[in-house]
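Chains here go by letter, A, B, C and D, matching the order in which they are written, and residues are numbered from 1 within each.
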């Protein structure tokens, strides 16, 4: 109880908690869940983009996309490492994902259907991720906060690249413009869902806010995203697929239509359009790679024992 | 550069391009995240090399073709890569073995190209050779790990060797175009690179505990545009967008 | 026919085309020679139907597009097939289940089309329905064999059912274009075909010893050009030659 | 010895031997080897063409090719059935193929690299097959001879279709014409090899001729093929890739260059350009289909026992 009070005071004072510091079990559990979910999202998130990597229409775009997906893998690595400082191994986390016990961002259960989707993911998905993540640079757990600083910097870069890809396409042929609009039509609502359920239905939010694992509410972040993104869409000459979208002078914010929460919860349950493909791909990569990991481990063990001898 | 020298240059460029494209297929599907990132790195290097080489070939050709035009608007018959690099990824052992054989060939080649009298080519080679040294090191390390790891990994890497070995002569095939460039002093004959390759090969096989190659009927033709069935499928995917939208820029 | 009726016609044509193309992938790789020949037969029927329907759609459109133009020069977004038919072949159980669900839907549909006031459509349907009756019979026979065969085959066909079931609503989706044609009396609403489908479905499941479907979040969009990731890859292969050589005839 | 004499007399009189007739073991063995090899060739021969089935450039060509490959599968079936009348099961023959003990035509170990290859296979490969097979319609073993009658009829049809495909291409764009020439360049020599080793190096020929399992020598058939095919190539406006090819007025035949027998024997040994792909594909089809065959057998057994009960 004393330790708990001291812990809460440090968090309230915006101090960082470090791996060897005492922390409540619930805090540890919540963090592992959140950080591993975030790590899983980075890894699963490689798949929708990799789907177009072999079809990138220029060598420059192929290199940019390859580097971007690589960054995401790198983010996954930092985050697994950050979560490991809390006492859960990467293997355990990956097994939880493959068994369906751990979640990842719902957005990656939507398919990438044309090349403009690569731009839309950078612009909207990375854009929404940044909105979610910028506050986490000041989250209470030190290793997580520091990982976030590096991740946010790279995500901003990805967002600009995505926007640039779309800018090229809207200035291209009618077919390219149509692809860009089609991508916006399909990614807009899933991007808004990335901020999670509405505040009045977000059970863990209050606790997470108190612990500085979260620093703004889902609805606040969602509004911020809409306000920032709508003018960018206008600049592209694309139409946001929401008939209820309009500027509210009084609120100083955009009003927007209501989200299909039934779809959101279906996707959370694992019934998203390509959720099975995503999990099948991850499981296949892991299972087909088992012999490689085994070989590397056996080789290391042999080398170590040779050195010891 | 004479027209046939430009065609010979495509032999080098297409090797990097096709192997880079193959490695892209691993993205998101590798045995570990670390391997995924490493394979992406190799692919990035190769695609970068291909871009420089193809742009240069296009410039020298002087018909307005840039790297993208050459990469995305040639049919399989016009590709000059060796059949080795177009072989499917297969399991990780095949990918490692393919990369080892390629890097063992590409290192002495690019080393030699750094002193080509063609300044631009020498410059591209100087940039690339640093990358390719790492490729060889990376592939050799994995070759050893797989060869000395478990029984299964040894079996797989031996099988991979058996698969790829018959394409090595294709890698080293000296086409008429290449010979003409060699006569002009632009580069050595590939046959001259073979001793260096054999040395690297034998050292790598020894580290991995693999037996020396048996003689096989070599399968050749890549440098002449006679490929395996795998290349046209690879290109169908790679070229789909520029072919479907020839008037677009991306 | 109004322009949107022609688009609705593509929904029917594209189902046959895409499913036929998928079946072509089995050629040479089926579990027995007999199955190989049967799958080729199904594919031949479907490609024949697609050709007739696409040619007719092109004629009515009056912009000089024939079946080949429509098959080989549309992007994925312009395809109106259901997502069911574009699903990968997977194992033989998935192929059988996909075919069973498709045929259970296509039979009442083509039956109804045989009495369309559009004489040409009715004629195409009359030819096709004979083929599709056999498709349903063939798929149902295999469904039973796999469901009642071994434990493994039962598990696989149950898994196949689980995979495909969520696309059935997409198969039956009544697009605005389809509704408009239905109002003009060209065809029934798909919703009206559902009872016949359900009857076939339940009978088939019972024969195979499979449980009735659980409710799922349906995945829809094919009739509106929003497909799965599988279609664009299928088309990259299918369309590669006409796209690379737009000026050629074959 | 008496039975042998009677047998030889019947064969010499061009009578048919039927499954229940007495026959020498060597005759049976040779026939099983030859017929099963022929059956395997039909089945393996589906693969190079199937390689372009999904890429056929028009719906009509796709349907024609599909029907053609289907015919080949059908030929495979008849031939397995004919061989089974000699007491060897289809499974045994297939296992011999997959274990590398049985052979198939060397031609199918060459890759199909462009669409014109589909035409070249029809024209040259089916053309050569017909030359080989027409005499077999009068071969001494009845079931084999009857299978051959049906097969030859269909092969002639395929050959015309292949020629028609090439005719369309040589009348098309320069790229199409180049593809057609490229296909001829690659398929010409392998087609000539289809007639087997030269007569002076064909050990089993004499015995097979006496038994009417073979009716003309390899070199005779090869000459016949060259004589028939060269004018067809000229009609297409394509160049046969043989600088030594010329009409020999005196012989009344075309002279042609020498065949690379080293390559031939390498391909026979299983070292052809795509021999491994072919065998991998056949083994994978067989192995991946095992559970289906098992299920069908189990279902039949259940049904039979239900009926019996």
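Heads up, the rule we're going with is that a residue touches a chain if its C-beta (ideal position, glycine included) is under 8 Å from a C-beta of that chain, and two chains touch if they have at least 3 such contacts.
Fair warning: this is a prediction, and the values are worked out from it, not measured in the lab.
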Chain pair with more C-beta contacts, A-C versus C-D: C-D
Centroid spacing, where centroids are CA-atom means, of chain B and chain C in whole angstrom: 42
Chain centre separation in whole Å, for chain C relative to chain A (CA means): 36
Centre distance in Å when chain A and chain D are each reduced to the mean of their C-alpha atoms: 57
For chain D, residues that touch 2 or more chains besides their own: 55, 175
Where chain B touches two or more other chains at once, by residue number: 75, 236-237, 240
Contact graph of the chains (line, ring, star, complete, other): other
Interfacial residue positions of chain A with respect to chain B in the complex: 43, 46-47, 50, 53-63, 66-67, 69-70, 73-74, 76-77, 80, 115, 165, 168-169, 172-173, 175-176, 281, 284-286, 288-299, 302
Touching residues on chain C, where the partner in the complex is chain B: 75, 233, 236-237, 239-240, 243-244
Residues on chain A engaged by chain C in the complex (per definition of touch): 51, 55, 111-114, 175, 178-179, 182, 186, 263, 266-267, 269, 271, 273-274, 276-277
Contacting residues of chain C [partner chain A, same complex]: 75-77, 163, 166, 216-217, 219, 221, 226-229, 232, 236
Contacting residues of chain C [partner chain D, same complex]: 21, 24-25, 27-37, 40-41, 43-44, 47-48, 50-51, 54, 67-68, 71-72, 91-92, 144-146, 148-150, 152-153, 156, 237-238, 240-242, 245, 247-250
